[in-house]
């Protein structure tokens, strides 16, 4: 099998780079037709090899369709098509020319099954096929694939590719891929040592992975060099790991901050023990779901904008519900903070069940827009886009809130009203307005937190319950009534948690964090950023 | 003094009546269950006995919470932990009573230890084959935890929300810890499959009735003790600490000790409740440490009326009966009903059922007094004795009042 | 200076809050059995000084001794109170959900630990003492009222009553006549003079009539330290006192 | 300007006001005196809208206020300096003063200069938390805060309590100044007789929930009036 | 009334488990409706009694008691978590009624009053691992056992560890990790998996992560770019229902082992899905394995009642054994004497449309093995509820009923 592949790939590459594909379309069709009779993954795999061996760049299309599970066989005539599902039917396209070839009912076509092994085979084949592609990104991906699947036969095509490569980053990766292949070839030891050095320079986990497998099979100087390089990389990686854990902590902190920040208003500022806070977050998440649902069915092109659209809506929905709760329940309870616990607990039960009745008890799908998907590397740190955006978002919300609280008359009135409602009224402040709007603001912020959390967590009626305890912990740990406290509290809890986790495990880590909170409060009985002064030191 | 107070009028008479009812029920219910024919109209089915008995345990838990919350302003959001610890102590005894009747027939190790490959009983399980030992542990474990926890927290002057949240952190940490199979308490499944208690089959109707009676008597006893505590000078002090902790210090009282005593007593009561609960429901698992359970206890007390003795009992009975009933008849909508009930109680009965009852009665009496005296042309004292500002739980500063709408600064 | 005959001895005491010096190198000595009036502008540090003595605030530096030998900076509020330092707060602070009687009962001198409190029964002597105090503060007819229902002035009286019930060796009285009528003010002065016969007392007041009635040595504080000390006439003749405090 | 007629007020079943009638005219200082617990504070609170009267009415500039909320009364020009100060403890002194901006037009939102002239200490302490101030300083802040609102009626409940003598004098001067220059009505509850005697255009004596005497300040020297103020 | 036969439905409709269990309640209602449309049972209509134990374990026991004592149901279909089952077990044995338990579980139990229609570990975990070790499955050499910290994952992983070691996997090639219930921040765990997987050996994750924690787990896998081709994740608790809350495009190729997939192409299944959509009035609602388990269990019960001619639990319990009904994957499932059933084991890969594509299937039916052969204390135990043995824990080594039989 390896032999076939080697020959195939070499051939194919030569042909492809010369861009003189003349394997003949008819031949290709004949091979593709074999999919209809192939049974089981290994036979399909063989057909894939045959196709790849033609070296014709045309095969890229049917192969990637196959990898994506989009290759179909029409049962009536056993013809192979690329298919695109559209409701109950499948639109068919010619596998080579991509011409539309009509439609078929789902039941009349059979999808060609792929499994992981097959997908890997296809990916490898495509990797080599696309080494000469126009788009540098595609070439980069191809080089990446070849790095991960070293093969002595790859050396020559890679040499050719390196010679003609103009983009530096692609070239570097091609060289590493070549080095990887050198290591598994029977090239002389000096070549191999150079290869080890080249790969070692990557300094990342993939390099370790590759060198480890070399280490296992090699001997002599190469083995020693590999071992030394692995040790070397691992020691720098350990540092990066620490950095990575901090980043995880920061990103967990940003989630905690988002979840808690609305509560910092309704509870921290207004003193309402708002047990329905989590449900406000949930409402925000469901708003996102509904927005995406509408977009999916009516304006699919807007999907990447879905979160942007959902943000104001989630704010409004949650704020409106908050307004109703405040006017309907909370306003009768000022001066009786403990009873807000009872009432808002009731409200939270009602909201949960309402959502369950309307949307069903199961998870709803909220997708990630493309700009929130995937990750990028900074050095050896892998940073996922969604976490980064959530961090940015959390800090932005925090900044805006801080501005409102400290720099606007509304913020001043809010604080005055919650400090002494009766006296604030005597200062001419319309307390009912301020109360209602403040609670709505806190709820609205919880709502937009829901938009962000929908990106990383379940959107289910239980969503809120998962955050309520953490939110209270953060607000209280930071010091009630102090927004900065909430910020610092969220990040410190996040970071401590994530730094502990790799050593203690998630469960024990969490227990340790809780115990630390208990101990910390003994040291600072009014939280991290305690409100100070005579008034509070009663 | 105690006996004198006991038969006095008003609130104290209510305590007497409550105790009397509980003791009566402790006798009557078992009799109606065991001695009356199932076809009779007076027959009380076993499952009602089991159910009510469970509520009585909850009532005891609610009462224990109210001792610290209602009378001392310590809003514990972790009282479920003491309940659960008491329950675990009892559960461990019950596990040991299974002996070799477990599925693996191991005479020493409970089933979960067998399939998790324990080779011997962990050290902390020793002694639990004796009832007396377990009984001591039922009191000692929650009591000791509360004592240690309270010792540090009260000494550091952790109050208000901060205290509430660390009690919540405590129960949450225990929840996670008990989830761990490595802890040796059966992990998430907890302890189940009990066979006997003190040699009697836990499933037998007579045992159930006995447990029912025990729960009722224990609750009666707790009512009596709480009442005695609350009515004593110490009780007044407790409330003084609730209302103006620092002021009591300037009078020379050690507020932290005042709180610590109540907290510990309360935890022991909660532990007893848990211990009675476990043989009756047949399982104890970490779910009992769930923070939301503890919050529910707070809610029972609030619904019934905090800062009263009978209130939390009524609240616990009512909310749980409501829950049992609603989950049966309105399985899909009961959360609306229960949630609605909580909202309605807060809005319509701000001091809980008992509190409202009192102020309603109080007002009626007060208004009557006022009108009578006015008719008689005599002067009304500015604030006549009849006005009951109530030892209102709401006016409870320094507690959850954060930025201090009603600051109690001792300037 | 010898501490031996003093009931209260402050030397070089300073305290600051967030950089603001509320008490600045304050020295003050009160002899056993002495009554002293303290005056001084708003914010001079009078209340803060009491906070330091009663253990509410810890001084940054300086010595604070009670009864010539007890270093108060090493004790907390409850201990200090038990040693015999009682205090009336500037803003009346009473137990609002207790009756007047119960407020006094909690203040009454006696053991301060849990178990005695748990099994406490009121003795006839205690009952008499409460009756007595109720008479002095003229709240006898309200003895079963909840303290929450008192007017501001009535709470002031209740505070004074609680102080009397404590029967401390040293009384710190912060603005006792604020919110009282002139007649009541005189009454209070008489009461304090009575008490001063066998107690040491520090009174803070802004009411000069009242201070005059007391007829004791006066200390004027300003910006956290002593500005002037002597008889009232002496102090009020001091130009600086007139400047910062009395006004023209 | 302000007219209270036949006001009664109950706390639960206890009656605190038993048919009080009172007038406070513009450009006049009207004093209310009485022993502890006779209902002075209750009366003031009813006027500014902290308590709802059981019966009777409060009218301001001819309009009945009985149905309006405290903030509407404040907006119509009634400022209140409560007994016990009630400053916002966690707000800075500046913010406490600015809390009086709410009823003002945007252009008027500044702290009048005479506030700082009157209470220079406030200027020094602008950045500190209100709750940290000493008792007397808080009292000054409470008065300053009320003045920021540019009221037509200033209701003061024992404003001199805990204030040093020199500042009491200043407050007296300020009240007079406000009466004379701005022509506002001042309703003043006082225990401090001399202060009252000096300032008042009219005194009202309360006893047990009733106004038992109304007359000029000189009446305070009459024995039949004094008797209401002795123990 | 006596003209109906009552059937209890004991699934949480609120609380944390509602997310999974509510569907089962609906499925039961549908099955009962269908049976009634067919004319009921023994000439009587079936009547569903639904209660909500609210994800609260003691409440499960209370509600079970209520169903049996008060409502006098003939059988109960319910529970999801093991702890809820443990909590009701004593009630069922005390009041002698029948529970049908439809969820895969850790085994180590066989009660007379319970019929286990979900998978025992050998009907799910072992075949799944076998698949991963096979060439088709990618010849996995290195294993991450990732689970939620509770009894089912712990036990399953114990069994798997023993099994893997028996297959020659070295201890350092197995990584076990647990997270709490409802865990939502998977960054550290996923990166640890990545790290563990970069040792140059083919690595796979066997996930016993429970319910709610799965969505954030998979989202993190997707975001950190862990592809199924590189490190496949084989899950035992992720079904169509869980996937419905996810964008599955980044997850294509990850695996699950079940006894049923909605995508299975059989006439029975098509009919079942069509009925389900009609009943629930939503064409998007998926079906899943526990639903099939209830389908099987319910039909078995119906058949057994018909066979016994009565709903009397004792008689039905005896009649159940040997009853065989069609399952939805094109075969018959039979109730075995150990109260577990025979099932095919299917391995499926996640598809972009949120369905599973079956990539492997055991050649025959697998019989549920309640006492694992890989745990030292249970390997000698068997269960057989037929008379005269009538024992749930018969020790073949000692020849005694009651575990070790040391007494």
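Side notes on the structure shown:
By written order: A, B, C, D and E. Residues from 1 in each chain.
As a working rule, a contact is a pair of C-beta atoms (placed from the backbone, for glycine too) under 8 Å apart; a residue touches a chain by one contact, two chains touch by 3 or more.
None of these values were measured; they are calculated from a predicted model.
Chains that touch both chain A and chain C: B, D. Of all chains present, the one whose mean CA position sits nearest the global mean of protein CA atoms is B.
Of the two chain pairs examined here, B-E and A-D, the one linked by more C-beta pairs in contact is B-E.
Taking the mean Cα position of each chain as its centre, E sits at the greatest distance from chain D. Mean C-alpha positions place chain C and chain E at a centre distance of 74 Å.
For the pair chain A and chain E, the distance between C-alpha centroids works out to 30 Å.
Per-chain CA centroids place chain A at a distance of 45 Å from chain B.
Residue positions of chain D with contacts to 2 or more other chains are 11, 14, 37, 89-90, 131-132, 135.
Among all residues of chain B, those that touch two or more other chains are 176, 179-180, 244, 246, 332, 335, 381, 383, 387, 389, 403-404, 407-411. Counting partners per residue, chain A has 352-353, 415, 419-420, 465, 481, 507, 510, 531, 533-536 as the residues that reach two or more other chains.
Chain B meets chain E in the complex at residues 45-47, 50-51, 54, 100-107, 111-112, 114-117, 176, 179-181, 186-190, 192-194, 202-203, 281-283, 285, 287, 323-324, 327-328, 331-332, 334-335.
By the touch criterion stated above, chain A contacts chain E in their complex at residues 41, 68-69, 85, 111, 113, 115-117, 119-120, 123, 205-206, 208-210, 212-213, 216, 244-245, 248, 251-252, 255, 352-353, 356, 360-368, 373-375, 382, 384-387, 455-462, 465-466, 497-498, 501-502, 505-507, 510. Listed in rising order, the residues of chain C touching chain B in the complex are 47, 54, 56, 76-78, 81-82, 86-87, 89-91, 93-98, 102, 105-107, 112-114, 117-121, 141-142, 144-146, 148-149, 162, 166, 174. On the side of chain D, the complex with chain A involves touching residues 48-50, 69-71, 73-75, 79-80, 82, 86-91, 95, 98-103, 129-132, 145, 149.
Every residue of chain E that touches chain A in the complex is listed here, in rising order: 13-16, 18-19, 22-23, 135-138, 149, 177-180, 182-185, 187-189, 191-192, 194-195, 198-201, 212, 215-216, 219-220, 222-225, 228-229, 232, 241-242, 244-247, 250, 252-253, 255, 282, 285, 349, 351-354, 357, 359.
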